[in-house]
Every structure is written in structure tokens, then in C-alpha cells.
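Here is the structure we will look at, set down as C-alpha cells.
First chain written, first letter: the chains are A, B and C, and each begins at residue 1.
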Amino acid sequence: MVKVLFLILFALFGQYSNNAMPGGTTIFQDVHLMTLVGMGFIMVFLRRYGLAALSINLLLTSHAIQWALIVRGFFSHEFANIGRFAISILDLITADFVAITVLITMGAVLGKLTPVQYMVMSAIEVPIAVAVEHVILRYLKVIDIGRSMVIHCFGAYFGLAVAKVINKKEMIAHQHEGSSYNSNIFALIGTLFLWAFFPSFNSALAIPEDSRHRAILNTYLALCSSTICTFLISQLLDHEHKYRFSMIHISNSVLAGGIAIGTVANIILEPFYALLIGCLGALVSVLGNHYIRPIGVRVFGLHDTRGVGSIHGLPGILAGILGFIFTAVYEPTRYGTGNVTHIYPAMNSNDEGREIFVQAGYQLAALAIVLVVSITGGAVTGLILRLNCFNRIHEKEFYSDGEFIEPPEDYDFTTRIISKIDHIELTEHTALNKESSTSVVGPSNP
Amino acid sequence: MVKVLFLILFALFGQYSNNAMPGGTTIFQDVHLMTLVGMGFIMVFLRRYGLAALSINLLLTSHAIQWALIVRGFFSHEFANIGRFAISILDLITADFVAITVLITMGAVLGKLTPVQYMVMSAIEVPIAVAVEHVILRYLKVIDIGRSMVIHCFGAYFGLAVAKVINKKEMIAHQHEGSSYNSNIFALIGTLFLWAFFPSFNSALAIPEDSRHRAILNTYLALCSSTICTFLISQLLDHEHKYRFSMIHISNSVLAGGIAIGTVANIILEPFYALLIGCLGALVSVLGNHYIRPIGVRVFGLHDTRGVGSIHGLPGILAGILGFIFTAVYEPTRYGTGNVTHIYPAMNSNDEGREIFVQAGYQLAALAIVLVVSITGGAVTGLILRLNCFNRIHEKEFYSDGEFIEPPEDYDFTTRIISKIDHIELTEHTALNKESSTSVVGPSNP
Amino acid sequence: MVKVLFLILFALFGQYSNNAMPGGTTIFQDVHLMTLVGMGFIMVFLRRYGLAALSINLLLTSHAIQWALIVRGFFSHEFANIGRFAISILDLITADFVAITVLITMGAVLGKLTPVQYMVMSAIEVPIAVAVEHVILRYLKVIDIGRSMVIHCFGAYFGLAVAKVINKKEMIAHQHEGSSYNSNIFALIGTLFLWAFFPSFNSALAIPEDSRHRAILNTYLALCSSTICTFLISQLLDHEHKYRFSMIHISNSVLAGGIAIGTVANIILEPFYALLIGCLGALVSVLGNHYIRPIGVRVFGLHDTRGVGSIHGLPGILAGILGFIFTAVYEPTRYGTGNVTHIYPAMNSNDEGREIFVQAGYQLAALAIVLVVSITGGAVTGLILRLNCFNRIHEKEFYSDGEFIEPPEDYDFTTRIISKIDHIELTEHTALNKESSTSVVGPSNP
């Protein structure tokens, strides 16, 4: 049905752009790998939900990309002028960006919705996200080069609001919610791809070349910094004071530097600030995950499966605040002549000729808009998802893909049972005695 | 031995091209990742054959690339003129294409041959594939920009023919043929890489820039569309009517859109057609896999381990037919002046000055040639592989890598035994009683 | 602490380069994926150390990159002139190179050090590696385009020396040192990424275009060749004469061709030599691993967890010797006019105007310097790591990440216990009898 609608919309309004974008292909592939492989595998940390996480990630990506192309097309100049919109490779990049927003939201409700519910969520979220982006970047002419506010922050708090509204007490402390050794390794595939391509992500839309160059370098250094800080802080927070690392911190918070620097990645001129912002990003991400997230569950019944509130949300807010600060202390002369028009187009005298403090105010207003709209939108979406017309997941099957995926032969063994094995007391004595008479499994050739 | 032959052939005839290809490196890396990571991991779905699938994939890739460079070299102008052939980065891309053809063929006989037999198969298939490509694209001047006919269709039906000829009844319903939870996740690594780089694959050889641009956009939209359709159709086909997704569909048929649009990826001007073709691709791929493949096994004894007949073959045939249709309705004026020479060189008045319907006929003839040659070639190859001079896999060890790979310590456990565990009835009662006296394993520190 | 030092150093001395490097982004991303994904996953072969290997790989990469940027900055012209150093994308590539050196070293002591000890090791190794590279490439004007001597050879023998000094008898034949089926598949992810991007790695710093072009083609062919040879030789060395492949050879030695050709990748003009060098690389790598490595353990107490001495070290020495040979037989006229300045700058008459045999001598001297400095530096580093001020790993926990990583629920099961399961005799008889009364695990819903 949705598919048919897409077909009709594209048939009526879609056309390809005549402008090729020679240099854009590489960045497009980088961003696309982040969406599919990075965002996909980072959600495989649940031991019973790996196949579903990857499958639904792929489904939502395909859905959100098409829907974003259409919605963005309706907002475009071409559509206003000639009644059709054009699609270029640049549009594929921004469509991937919208898909990433939806995938961040998905993290908060991972394992709680059916595929149809995820599709409905995506169908509602995409136009809101595109509209917010359009208002903030086009009308308010706010700077957010790596889209930390409109992607990370928006996606995270939209997801938190959905999660709050659809919450049931059975979702909390559920037996299936946990990782396994291999699921943690799979999650690291996601982490490493996001890490490696984050410089491409933050610089994808930066022009001209020197702006892009700065965005790459700043993101890279911020990531290095947040990685080291994450390890350091994670060690200090070990529950048993053994100075061990927590995999949830390592696979997620190492990326906080890239998010925190996103808004100002092309503005910062000093490596020092990039490193400092990386540290701050890791700090809010790890501490948020360790202290604020459990409070959310306990006090507000706000369960966030992947912890996106801390992992994407807090560094996203930090990015917004940094956008305000760096705008407030902006010195155009340091960027060489002419660059002011590229970095803050609204400050150009041909445009509005905004003062610095006005632009800084707009930056802060943008952050407020993102927070208000994402939380409101998420709450409304959550209410819609609670309507009786949708199938829901059986309570025993939260965080488990058995209801959506035809299970492989070893499903129960490798996903459910395995996690119970550590409750069995294995004494050396028993083991030795029983060795020959115990059968773990059936015969290999029955 | 083969190695020494390669050395001699390269020594006698090989030289490097003087023409660098500045822009080609990125596409080359994309295609190369598809070959190694994409085609490799998509074959890890068998729970006992993962290491073999990846290892033999790497071996066959290395072998097919070298052999393809040599064979293609012998077909080249340089060789005809000066007795030596040149190798450029463009040749590496086309060599990777030939390797992908061989790897598709490998899918049909996955788990049924020894490494030596795979090498022999590759040694025979490479020259046939190169010759067919040469005849179709150079002599007949047929259009197949993403090589859906000469790679996907050829590779699949070559493999089916080999599989038919070498078939033994023990290959069907074998106990080792099955997936595990982790092997399905590994297979999705392959799927995601193939998905992400398919636009590069289909556009790798498209020139000029606007043609390449269209190939990227069309492939991307076709993939989005086939992904959504695959999920939809897979749900409807669930054997137990629980509307669950089947991993074999998800990890394979989502790519059908990219294959189906391959032949015409640079010709289509409307997003609508790309989406429609994606749907059709998913339809033939999923339905073929669900209905036709079991008939093949039951009626013809035609066992196709990875299902390449449906996954690559049918969308490849569809691509060939679409090539015919889009050629028949071709309107040169819509592409701007001059483009006609790029899209259908044979219709250029400096060349043959072919009429549209003649070109369309050639397109259909090319599809027929691919089918006839691939099936004949595969059958002959199968007969050769049945010669007594080759070692064969022991019947109990089909779909298992224990005969080729020195096993890791936990081999039996994680591959063979695990799949039997679900036959054991585990009652809560028994479990509680036995908890302290049961030993799963030996002591951890003997 | 280290972090604060980095902040201060960058604050005082770091600034961004004004020169963008338009074409460099792609290569930078390729090299970066090799560092994070390739070097990371190739170390996941130990079944109990996967999470630690990936985590510490990420930590060391972030640390080594920053430290390398600072140290290289201090060696730069800008720093000498204006007291600050500039950072461009080219510097990120070379910083990644230094990180790879450290990660190779890490392979030799994998599972033997605490994270703090690894950081200290990296802190000492980075300046030595940068200094050696600076002396060899800048002062001695030696050719090493793919950095086989200064990265692979240096990293390996530095690691061997550290391993020798910190060796304890408990490190040898430890019960935790072994792979599992899945850990071998994860390691192949690393292998495939390193394979796919090795041409980018060896050509990253090659200019002009034709030199880069040759480096790509030669590396690619050498890899194909070493892959086939590795499979061939591995089969012949099977301990039980069953002609099976060993995963340690396949996941490591297939890359030997890329290392062996590194020094001369842009010099070789004939495909034949590339293939031959690939064979030789595989030969020294596999034979070294099979024969020399056990002698090292038995005779010298020299335990090398990943076998980097054979996998990176011997092909690195081979590369150095090939650098000598190809320099000695160098014929400038074959490269066209003007190229001599690019390939051997010191032979340019505007420069030193070196004779061929002098340059060849310098090449050999460089290899000697690498070996002497790496072994000495590693030994000193090992002594420092044995100081009492550092925590050490408990002897029972070598090759295990339980002391650093908060374990997932199934930790004991999937890592420690699994490797014992094959000692249990499972008879068909027993299994059938016990099927209903045996419990592998606790109840699924207690």
C-alpha cells in the first residue's frame, strides 16, 4: 500500500536532476555505509534481536529514504516552480541523513514495536524531521553542518518521547534484554564503521573546500579525544570497582565526540578545541548513560533500549550549545576574506546582514525548536502507535525477534538458553564424574 | 602449477598500461569490497561452511582475477597489434566483474565441491564468460551497463547446470545444510555491503557523467523498492501464516532490484520506472525462491545451495527483457543531443546506424546467447568435474568445511552439535532438579 | 593525564593546515578503515579476547594518532620555523600509518598486557617509529613507498623484542590461547578489509599519478599471487597430511604479497615480478609461521601471540631486500624522462646526484637501521613494562578479557567453557538414553 503510494508520488512528481555532482559519489557511499552497516550493526547488541535489528534497519532505511526524497521534494524550489522535483546524488545524501534520524529514534524503542509499527513511526517522523530541518537551516539560516541538532538530537528525543508513551512495565528489566559475547562484537562492527566515516558525515555538506577540510580534521580529532575519555571514564564507573570497561560505553560513547562537534565542525580553527569538545562529548555521554538513564527508568518509567537519550541526545544538545558559544565569539577576520558568507550566510550584507549576537540567538532558538518539536512529535507518534488497529508484540517477546523472523534451527539455543547457562553451578568434581555419562545434545546422526 | 602457468603468461604477455585512470580508484575499491566482503559473507549462511565459504571465496577471487586479466588480455587490441596486453585499473574492475560471475556460480554448488574442483570450475568458466561478454558487448554492441545479463544471469545458470550434472541424492535434504543465528548475521554483512555498493557496481563502467549519474540514482531507488517489496512478499509467504520474514529472502532478494535494473540503469529517465523495476525484481526473486526452487529439487533433482537461480538468474532474465523493452521504446531526443552515441553506439550513423527495432532484437538475442552458452558451458563443466581424477567430498561432509579447514577447538560444538540441541526436551522441572548435578562441560581448570 | 598533556601540546603548538588536499579524502578513509576495521578484526581470532582486542585496538589507535600528530609536528619544517605545526589530511594518513605500526606490535603481545601497559608501550614506540621513519625517508632519502620496512618490519620486531622481555613461562601453551569457529570468521573480516584496501595503502603516498597507478596494480597482483600460494603451501603443511588449510595461514599470510611488494610497489614495471614477489611473500610468511615460530617459542622462549614476526616481519625484511635489488638494477630510461627525480629524489643532479650503487647501499642500510632500532627499542620498552609500578595481568587470565571488560551474561559459556566441550565423549547410545533427563541449562522462565 505504502509502496503503491510511493510509486504514484514518484510517477507524478519525481524526475532526475540534470546536474551531476562529480565529487559527491564517494561521500554518498561513505554516508550510505554508515546508514546500512554502521547504524545496523550498532543495534545488534541485544542477543535475541540481532536479525530483527538488521532487517528492520534495512527496511526502515529503504522506507525513510524514499519518503524523505518525496517530502523534501515537496519543499523544494523546483516543486514550487514547475510542479515536479528533481533528484540528484546530493538528495540521496540528505535522504540518508533523514534515514539516520529515524534509525536513532528506532534505538529508543528497539525490541518494542512490530515492523508495521516501525513503518508507521517512520512515516510520521520523516515529514516532521524534514520540516524542522527546512525551518532551521533554510528559514532561520542556522548553522548545523554535521546536523547534530537536526539529526542526533531530534532523533533521540523523538525516540524517548515515543518510548515514554508506549511504555509498559513489562518492558523494564525484561529477561531477554541483554547482550552476548558475539552480539557485542557485532555491535562493534557498527561502532567502527560509524567512527571511520564520521568525518565524511560531518563534512558531507560543507562547502567550500577549506570548510570541508576543517570539518574532517575537527571531527577526526574530536573522535580520538572522545574515545580515550570514554575508556577513562568507563573504567572509573565500574560497578565492582575493578576498573573494567563497559561495552555499552565503548561501543557507543566513543562516537560522542563526532556528535558534539557536529554543529561547529567547520567553524573551529584550533585542534585544541576539537580535543576539548571530544572530551566533553564523552563526558556527557558516559555520565548520562550511567546516572541519568537509570533515573529515567526508575522515576519516569522512561525505558530507552539503546540509550539514545544519552548517546545521541546529550551530545546533540552539547553541540547546539557549542553552536551558540562559537557563534557568539565568532571573529570573521580569522577565516580570511569572503568566508563569512559561507559560514553564516545570514550575516552577509547581501542577505539579512545579521549581527553576531542575533545569529547566536537564532542558534539557541534552533536547539529549543528541535527539543520542543521532537518531544511533542514523538509523544503524538507514540499515542498513534498505541491505537488498537496495530498488532503489538506479545509481552514475553519484547527484545526478541522470534515473532517476526522465521527462526534458524539453533534459535532457542543460541539466543534464549545461552543466557541462562551461567546460573548453573559447575563444580570440578561433578564435571569429572559425569563426563562420560552426560549428553549435552542429541546424537549427531540420529 | 596453475600459479606457474600464470607467471609464465604474465611474463610473456603482460605489461602495465601507461594510461592512469585518476577517477577510477574509488569505484575500483567499491567493486573490490563487493567481491571480497559482499560476495564472501553472503555465502556464510551455512552454519558448518562459514570458514570454507570465505576462504574459497578469497581463493577463487584471486584465481579468477588473474585468469580474467590474461584471457581478456588475449582478446584485446593491444595483444592483436603488439603481442602483449596492457593492464590498467579499468581492467582490474572488469576482472573483478568476472570474479563475481564465478562467485555467483559457486553459490549454486556451495558445499558440494573440493577446493581443487572449484579452481577447475573457475578455470573453465572464466574464458567462456569473457568470450560471451566480448561477443555480446563488442561484436553485437548490446547494452548491459550493470552486466545483469553477462554476470548475474550467466553466473547463475552456469552454476545451475553444474549443480544438475554433479548432483547426488545425498546432497538433498542433508543434515548439515542449515543456518544458525550467527551465520545469518554474518550473511547480512554480505548483503549490506552488496546493497551499499550496488550503485557503484551498476555505474562503474557508465560514461559520460550524466549516464553514470542516472545509473547510480536508478539503482539506488530500485534497491529501496525491492527491499520494501521483499519484506512485504516474504511476510505473506510464511509457511505457518504468522507473517514472519524469512532470512533467505531478506538476505538475498533485497538485492534483486539492483540486478533487475542493471541492464538499463543508465537509460531510465524516470524515478517511477526504477521503483517499479525494483518491485518486479523482488517479486520474481522471492516467488522464484519460494515456488520454483523446490520444484527444481523435487522434479529435476536440481539442488541450488544458495538459490542463485532465483536470486541472480530470474532478476537477470528480467533485466534482459527490460533491456529489450526500453530499447524498443527508446526516444533519442529525450537524452539531449549527442547522447545517442553513448547509450547505443551501434545506432550512431558513423557506426552501423542501426534502427531501434534492430537494436532491440540484438538485446533479446544477447539474452538468448547468455542462457544457451551458460547452460551448455555449465553442463560440460559439470561433466569434467565428475571425472575420476578429482577427489570428491565424502558424502557425509557435504556443506561442511571439516575436510578442508583445520578445525578450531570448538568446531563440533558450534557447528554440528548446536543444531541438534533444539530436539532435546527441556522441562522446567528436570532443569531445576538437575541443576547442581549436571555438567555441561568438563572442568574449566582440569 | 596523558589526555591533558595532549590537550596542552595541541593548544600550544597545533594548528590546521591551510592547504586542503582535494584528492586525499578517499585514500584517507581507505587507510582509516584498514586501521580500525582491518587491524581490529584480524586480532579477534582469540576466542576469549575478542572484545578486548577490538576495544584496545580502538583505544591505541586514538592514542597513537594524536601522539603521532604531535611528534611528527615537532619534526616538521613549520615547527622549526614558526614554533607551531600544521595538520592536514595528509598528516592524518601518516598518523594512521604510525597507529598501524603500534597495532602490529600489539599483535606480538596480544593478551599479555593491561590497557595501561599498552598505552605506555604506544607512548614509547610512537616517537621511536616517527624518528626512524624521519631519518630513513628524509635524511637517507631511502625509498619505501608502502612503508614495508618502517611499518611492518619495524612494528613486528619491536613487538617481538617486547614479547621476549616480558615473557613468562605461563604465557606459553596457555589454556585460553585458542580460537573458536566464530572468532575465526571475525578475524576474516579483518583480513578481507586489509586485502581490499592494501592497494590504497601501498599507493597512498605515491605521486605522481603514474607512480600511484603502478603501486595499485602491483600490490593487487602481488596479493592475488600470495593468496593462491598461501592456500597451496598451507595445504602441504597440514600436520595430519589431510591437505587441509590452516586458518592462521589463510587469515594472515594471504596479505604477505602486499607487504613484500610494499617497498618497491611503485618501481616495478612488469606484472610478472609482482606475481613472483607475491609468491615469495607467501612462502616466507607461511614457512616462517610454521617452522621458525615454534622454534622461537621452544628455543628462545619467544612467544608471539599473533605471529607478527612471520606475518609482518619476514615479508617486511623481504621487502627491504627487494628494495636493494630493484635499486641495484634500476634503469632510469625505462620510466620516461623526468621520473627519476620522483622515484629516487637523491639521484637527481639538483640534489645529491647519487650513483645507483650508493642508493642501493642506502636501501640496505635502512633495513639494518630498522632492525637494530626496533629490536633495541622493543627490548627497552619491555624492561619499562616490567617495572613494578604497573599492574599486570593475573597469570590465569592471559589471553582473556575478563579482567578489563564487564562481561556479558554468557561470557563463561561462550568463551571459556565452549573450548572444553570437545573433550566430552558423546556416544550416540548415551545421548539417546539421557535425552529427556538431561538439562543443559536452567529453565527458560525461572
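To be clear about the criterion, a residue touches a chain if its C-beta (ideal position, glycine included) is under 8 Å from a C-beta of that chain, and two chains touch if they have at least 3 such contacts.
Please read all numbers here as calculations on a predicted model, not as lab measurements.
On superposing C-alpha atoms, the copy chain A sits rotated by 120° relative to chain C, to the nearest 5. Both copies, chain A and chain B, contribute mostly unmatched positions to the interface they share, with under half of the numbers common to the two. Inter-chain spacing, taken between the CA centroids of chain A and chain B, is 32 Å. Under the contact definition stated at the top, the residues of chain A that touch 2 or more other chains are 26, 182, 189, 412, 417, 421, 423-424, 426, 435, 438, 440-446.
Residue ranges of chain A in contact with chain C, taken from their complex: 26, 30, 47, 175, 178-185, 188-189, 191-193, 195-197, 199-200, 209-210, 212-214, 216-217, 220-221, 223-225, 227-229, 231-232, 238-239, 242, 244-247, 250, 254, 269-272, 275-276, 279, 412, 416-424, 426, 435-446. By the touch criterion stated above, chain A contacts chain B in their complex at residues 2-3, 6-7, 10-11, 14-18, 20-22, 25-26, 28-29, 32-33, 36-37, 40, 44, 50-51, 54-55, 58-59, 61-63, 65-66, 87-89, 92, 115, 182, 186, 189, 403-406, 408-415, 417, 421, 423-428, 430-435, 438, 440-446.
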